[in-house]
Amino acid sequence: MHISHTHQASRLQLNAQGHLRHFLTTEGLSRELLTEILDRAESFLIRDGRVRHEPVLAGCTVMNLFFEASTRTRTTFEVAAKRLSADVLNIDISTSSTSKGETLRDMLWNLQAMTADIFVVRHNRSGAAHFIAEQVTPGVAVINAGDGQHAHPTQAMLDMLTMRRHAGSIHNLKVAIVGDIKHSRVARAEIHALQTLGARAIHLIAPRTLMPVGLDQMGVQIFDRMEDGLRDVDVIVCLRIQNERMESALLPSAEEFFSLYGLTPERLRLARPGALVMHPGPINRGVEIASSVADGSQSVILQQVNYGIAVRMAVLSMAIQGQREQKQ
Amino acid sequence: MHISHTHQASRLQLNAQGHLRHFLTTEGLSRELLTEILDRAESFLIRDGRVRHEPVLAGCTVMNLFFEASTRTRTTFEVAAKRLSADVLNIDISTSSTSKGETLRDMLWNLQAMTADIFVVRHNRSGAAHFIAEQVTPGVAVINAGDGQHAHPTQAMLDMLTMRRHAGSIHNLKVAIVGDIKHSRVARAEIHALQTLGARAIHLIAPRTLMPVGLDQMGVQIFDRMEDGLRDVDVIVCLRIQNERMESALLPSAEEFFSLYGLTPERLRLARPGALVMHPGPINRGVEIASSVADGSQSVILQQVNYGIAVRMAVLSMAIQGQREQKQ
Amino acid sequence: MHISHTHQASRLQLNAQGHLRHFLTTEGLSRELLTEILDRAESFLIRDGRVRHEPVLAGCTVMNLFFEASTRTRTTFEVAAKRLSADVLNIDISTSSTSKGETLRDMLWNLQAMTADIFVVRHNRSGAAHFIAEQVTPGVAVINAGDGQHAHPTQAMLDMLTMRRHAGSIHNLKVAIVGDIKHSRVARAEIHALQTLGARAIHLIAPRTLMPVGLDQMGVQIFDRMEDGLRDVDVIVCLRIQNERMESALLPSAEEFFSLYGLTPERLRLARPGALVMHPGPINRGVEIASSVADGSQSVILQQVNYGIAVRMAVLSMAIQGQREQKQ
């Protein structure tokens, strides 16, 4: 029997009862499960951008394994875990024993013997979180905080929560994703989540050098001009342009990118009135987005950051419960 | 109407009820408010140099934003916040998104969207804490942990607490401040606090190259010889000499500084019997102060460090209450 | 009267009631006290490699002073202290005030004035923990997390706990220690603990360049061939080979070391059937030990890591109680 990669991932992510036990990718997860994540996240939100403090992870040890530096993402996971009353340890990989010749597998086994309950993993290689989830013993949960160009599932889910809270429902939304689709783990995770949650249309807008091949088979529509792709959309997600792309000549210059793909007030008017403006951050003002749009009334960029705490709390608490359920 | 800088600072620091909501500078704060900080700090002290553990900040997130490295000050704030049951995050600025081209304002907005309640800020530019306090949304408090050569208000207040506890009262004290007055944020903050709390006289003692102009208008007395300035004072505050001053030729050498301005047992005898010896630390033995004086019976240098925890607890708890009060 | 180094250490480590107040070395501690550490550690263990969460250190501040980087050991102490509900601070020594010319003693006095209750110390100089224990004020406990080539007492005790749990009792065990005896703080600490707890025989196996002189007077047996030293032992402790040894020509090469001293399945068969295989980690696969042995059924290497948490909890809680008892 042939088991597709998607089925393998789902099997690894879910316990025997079909509940989340790792969170590696949005791919292959059911609409019910994604909705459960959003509902759980919403239960942690209180007014004024505050989040509840809950003892769900009291007595648990969360280890942040960041093989790739990311203060922003690490901080959101650290805040989320502490809000759930966990003990949080940031393991600095560059100074750890891997520099003494220890293999990744040995390092993991050792950290897990130090009574880790959850590993939050960021790695520059696609599939790293997957590999780690296959190595850990039952009872230990793995959360993917971004692996190479593969997936960044908590970012995708915080975007879904933002759309649901500000547009009412994801069902029937028309969403444009603009920018470096090719190198974006955010875009990939987002497309899966949007399709599962019933978005009506997904427009991908990018210069040809930044658009991967084969995406039209995923049921998305591809555009290379903003003027075509933005028409009547309900949500615009701008992706971050990495400076490396300019240096590697995949992109001419920041100025030229902005002139062709920057989200300006004029272009924003092509979208549905009141369309949401989103960005995973950190934003490059005047490159992907005009300052007036980033700070304007349609921007929900800072809400995304805020909901990111609640989504990470949801995923951490669901995974630990999925692990406990399986152990019984 | 002309609003002086002092009034602006006061207005920014206080809520509508006149209570502390940020702590940026001692300048412009009333005697009542400074006394409230000291009283609150004292309530946290228990015997043997221990401090109380209180749930005042339970469920709050304190972010230490240190744009300038300072293990000592950061550690005291971290201890203080944890003693108040806060979740504490140390944000390493050099590795954070500012290196990805994010502006300071964007970084702040993002961190605050991650549900920060208090920012503790250390920056090498004067006015940085001020700028940040103007940017944050209502409900978020900013504590200045030292900005450029401008202010270091928690250091000033721990010095006040030390004087009050060891000399009975600040009222009518004669205080000498010795050393690099020109580049010292401690001196500046201290002069304001001493004057507000009714000190009888403030003697500033420094070589001319390290004495700023215009200070005599602040109601202080200026000396360039220890033998003149120390006479009959109740308290001697030695300031730290930075090595950079020697390198930049503002000072001849460590040895020569000590021979002219070092606090020796002989010079200490010029002061009132039992006069207190203070230093913000870390001390340079044999430069600002003789070892026998630093470790002698009149030295309260280590008590200063200890009271620093209580003062930071006081300021953190008052600011968060000031913010809550205003939101209601 | 002549007081031996051992007696001085014991006196420093114990309070007036004979209870632990610092943990610096296993040398000179009684069988009762070592057994109390093991019993206390065992009380923290629950099934499945989990450890209990206890409020024993609630309100206490533990400072990890690591003058030598060691993510592994620091992490175990951080987990242990947090499981006991302590506030934990990691003091990064390279960026701290010592770089501003502050002496070690001044730094310690300052940190202790910041209300530290326990210092966990790792230093590359033998005797550093000792020196620090002599400097701190009554009430502050010092735990040695490894000092130079002198001692690593928590590693020794977690090895003892591993032997006791997996071989039933340390009494009458025949234990082989293999590898770089000369530079190993683990070996030294282990020999003292094994002898105090009544091990029947200790075999030290090493090439002559890595065997210190004078050890035969410690009541151990010395071998330079694995084939002789492993015969009929109940436990084999492999020590880690540092790459520096190869570089400094004390060892020919990793391959040659493995061919002569590597623990292979064949050599393991020389020991008693079911003999335990131990290693302080991180392991060098194919240098000190064959992968199949490290991962085999007789290996208790990961259990060692796990028990390390419980042993550190035991020592932290006993030392703080020993300090409190003395203060009363």
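Letters A, B and C mark the chains in the order given here, with residues in each chain numbered from 1 onward.
Criterion: contacts are C-beta pairs under 8 Å (C-beta built on N, C-alpha and C of every residue); 3 or more make two chains touch, one makes a residue touch a chain.
Since we're looking at a predicted model, the values are computed, not measured.
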item	value
Chains partitioned by contact, chain B not counted	one piece
Interface sides of chain A and chain C: same vs different residues, half threshold	different
Averaged-CA centre spacing for the pair chain C and chain A, given as whole angstrom	42
Residues within chain B bordering two or more other chains	none
Chain C-touching residues of chain A, taken from the complex the two chains share	58-59, 61, 87, 89, 91-92, 95-97, 100-103, 106-107, 109-111, 113-115, 139, 327
Interface residues, chain A side, partner chain B - complex	48-51, 53, 69, 71-72, 75-76, 78-79, 82-83, 243, 281-285, 302-303, 305-306, 308-309
